[in-house]
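One structure coming up, written as structure tokens, with questions to follow.
Should a chain be cited, it is by its letter among A, B and C, assigned in written order, with residues numbered from 1 in that chain.
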Amino acid sequence: MTGFSDSLQLAVSLILSGDAGLWSIVALSLKVSLTAVAIAGLLGMPFGAFLAVSRFRGRGALIVMVNALMGLPPVVVGLSVYLMLSASGPLAVMQLLYTPTAMIIAQVLLVLPIVAALSRQVVEELHDEYREQFLSLGVAGVRTIPTLLWEGRFGLMTALLAGVGRAIAEVGAVMIVGGNINHVTRVMTTTIALETSKGDLGMALALGVVLIALSVSINAAMSFAARSSARLAYA
Amino acid sequence: MFRVMAPIVVCLFASIASAEFIILQSTTSTQNSGLFDEILPQFENETGIEVRVVAVGTGQALRNARNGDGDVLLVHAKADEEDFVAQGFGVSRSDVMYNDFVIVGPRGDPAKVLAAKTVDAAFSALSAGGAKFVSRGDDSGTHKAELRLWARAGYEPSFSSGQWYIETGSGMGATLNIASALGAYTLTDRATWLSFGNKGDLSVIFEGDPTLFNQYGVIAVNPIVHPNVKAASANQFVEWLLGDAGQAAIAGFQVNGQQLFFPNAAQN
Amino acid sequence: MRDIGHEILAQSLSKLMPLRTQLPSLQLAAVRYRASNQVQIDVPKFEITGRGISVLVGPNGAGKSLFIRLLHGLISPQAGQINYDGQPVANGGRRAQAMVFQKPVLLRRSVVANLKFALKFSDTPKAEIEDKIAALLELSGLSDKATQAARSLSGGEEQCLALACALARAPKMLFLDEPTSSLDPNATQRIEAILHQAAMLGVRIVMVSHSMDQTKRLADEVLFMANGKIHDRLAVETFFDGPISIAAHSFLSGRLVP
């Protein structure tokens, strides 16, 4: 256990020292993952809500698919995006390989199913609750989506946080499409992988502690924002 | 008027071009040794060209370069490099530097490798199976060198895969981590070993046989096959690497007072 | 809740809806409906028109809730037609109707926000919305709780709010599914007073009730339903004193209905 306490100390000193290299890596991790979650949220929440309120043939199969895609292996997504963006691939002209944008694209693909599946669950429960009342008021089908999304905002927040967790912790996809290039596409998780491969286990673990602290901070910040907006929400 | 404008315009172009970067596909072992952190800034200072290193396994580096996802390739798998050029994906291949492989193992030396005088004897000792041996198992330059050495010693290690012969399918760092945790032997390049931070109980058990020579080669990716390649900057880098400045930079790179790579570009 | 004077309620209600001259008409023909595990609704011919309050009573599982939902167009019959003023009620006829459910369904927002939401789907011009909201708050007795979270109200207050939301759209027909079955006497009294006033202003009301006392207080006519069929349709005095079907008789005597 001495290994863990040493790493813990190293983690604290890293955070307090304000090491510029570390903070630029942290900043890139946040930029990539939070952007990916924002995009996945903008696409996934309305889609999940649509799945929740609509009835069409094949709906059941589509829901099963979306749920299953939550388990997409990151490394498979990374490989697929690489093949698309490669100079030999169909989207070569966009010149996105080995850039943070490529990493964001890969993470959007990973986070989208989670946000969509969990949003569908949240909205479907609300839909069951409100359906008759809304129908009575004259509002039905996809026109209920904006209202249901707002009513379900706390459950949807949790869905987004699940997406943040998945994005900030994954390494397989960003490693392949980003290339772990120093100062360009190196994020927390790829740095941890690098330090491990150099045998620098103490540093790797310390960075892991920093990553966990980062994740806790994000969750705390979002929960605080949710709770304080809850007081304003009743307007 | 034109005599004044032209140099200004040229300077402007040069300063725009200095935001230029090239992608170097290379191996994790070269990256982890710290060589690139030392020599690449020197190149950038001289030419203004930033070199972005994508460090992956040898096989992946070759594949990426084949796809045109890199401008320069630097690996240590001569046969594969020559195939790469022969198939038209590279302009040409040149020797850059060399180091050597060493066999590392547990201090107790249960397989009795210390007594061996030649690399063949060392591998024969290992093939007796008295101790575990960890292999890269990933078609990398190191892995192919290891397989050649087993063949020379007259042994086919795959028969013992999963028993005392452990194939990790991973990079050098991950393989060394496993060897360290298991107290096993493995073949590694010296540069990676010297800069590795988790040696545990392992130390160099066998070294020095000329067969353990490990040659690195550099190739500019062929712009005819992949027009997106930044050919001019790539060529600038290759020439710098093979020229006096690059070779001196390589020789100047030391870890704990030891030189890790030995420049051996052909003299023109 | 303080004792409500009928004048105050009448005042608030009349701000919300004009006195009706044109009376609604809901017609059923050869209607059949059955969902899995539920009773078969079978109503060959039925019409609701004119003024007043009809109360639908009957044993559990008779299909009363289903029937109300058919009338309001929330579910469609598998055979036959239900037309409101000539239009199928499920396609637009619903617009002139409203419903209050047994358990109030309110948005997770303030009282005022719920009223605004209900008004959003009426054709109220923007200039009138504030006045209407004030009237609705007075009607439901929630003027001093306007910004409170709707879900933090008591059961009675929630149902008053739900009724206010239903009346916000000045419906011509109002359906209620056991609106006071879980409320205390105070809240029940207020709701009944509002319904009484609304009926006087011309809103045609059809409600399901389990309470014979409530039925006697509110009903102009009583509909008795058992096993998916309407056995009796009688003026309230006749239902409780006069000749009724055997099934209705068993029901009122507290015996199992054949």
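Throughout what follows, a contact is a pair of C-beta atoms (placed from the backbone, for glycine too) under 8 Å apart; a residue touches a chain by one contact, two chains touch by 3 or more.
Keep in mind that this is a model prediction, so the values were computed, not measured.
Of all chains shown, A has the CA centroid lying nearest to the centroid of every protein CA atom.
Taking the mean of C-alpha positions as each chain's centre, the chain lying farthest from the centre of chain A is C.
We define each chain's centre as the mean of its Cα atoms; on that basis chain A and chain C are separated by 47 Å.
Per-chain Cα centroids separate chain A from chain B by 35 Å. We define each chain's centre as the mean of its Cα atoms; on that basis chain B and chain C are separated by 81 Å. Shown for chain A are the residues in touch with two or more other chains, of which there are none.
By the touch rule above, chain B contacts chain A in their complex via residues 23, 28, 32, 37, 52-56, 64, 66-69, 171-174, 176-177, 180, 195-199, 226, 228-229.
Only residues 86-89, 92, 95, 97-98, 179-182, 184, 194, 196-203 of chain A touch chain B when the two sit together in their complex. Per the touch definition, chain C reaches chain A in the complex via residues 69, 72, 74, 94-95, 97-99, 101, 105, 107-110, 113, 117-118, 121, 147-149, 165-166, 169.
Interface residues of chain A, counted against chain C in their complex, comprise 129-130, 132-133, 135-139, 147, 151, 233-235.
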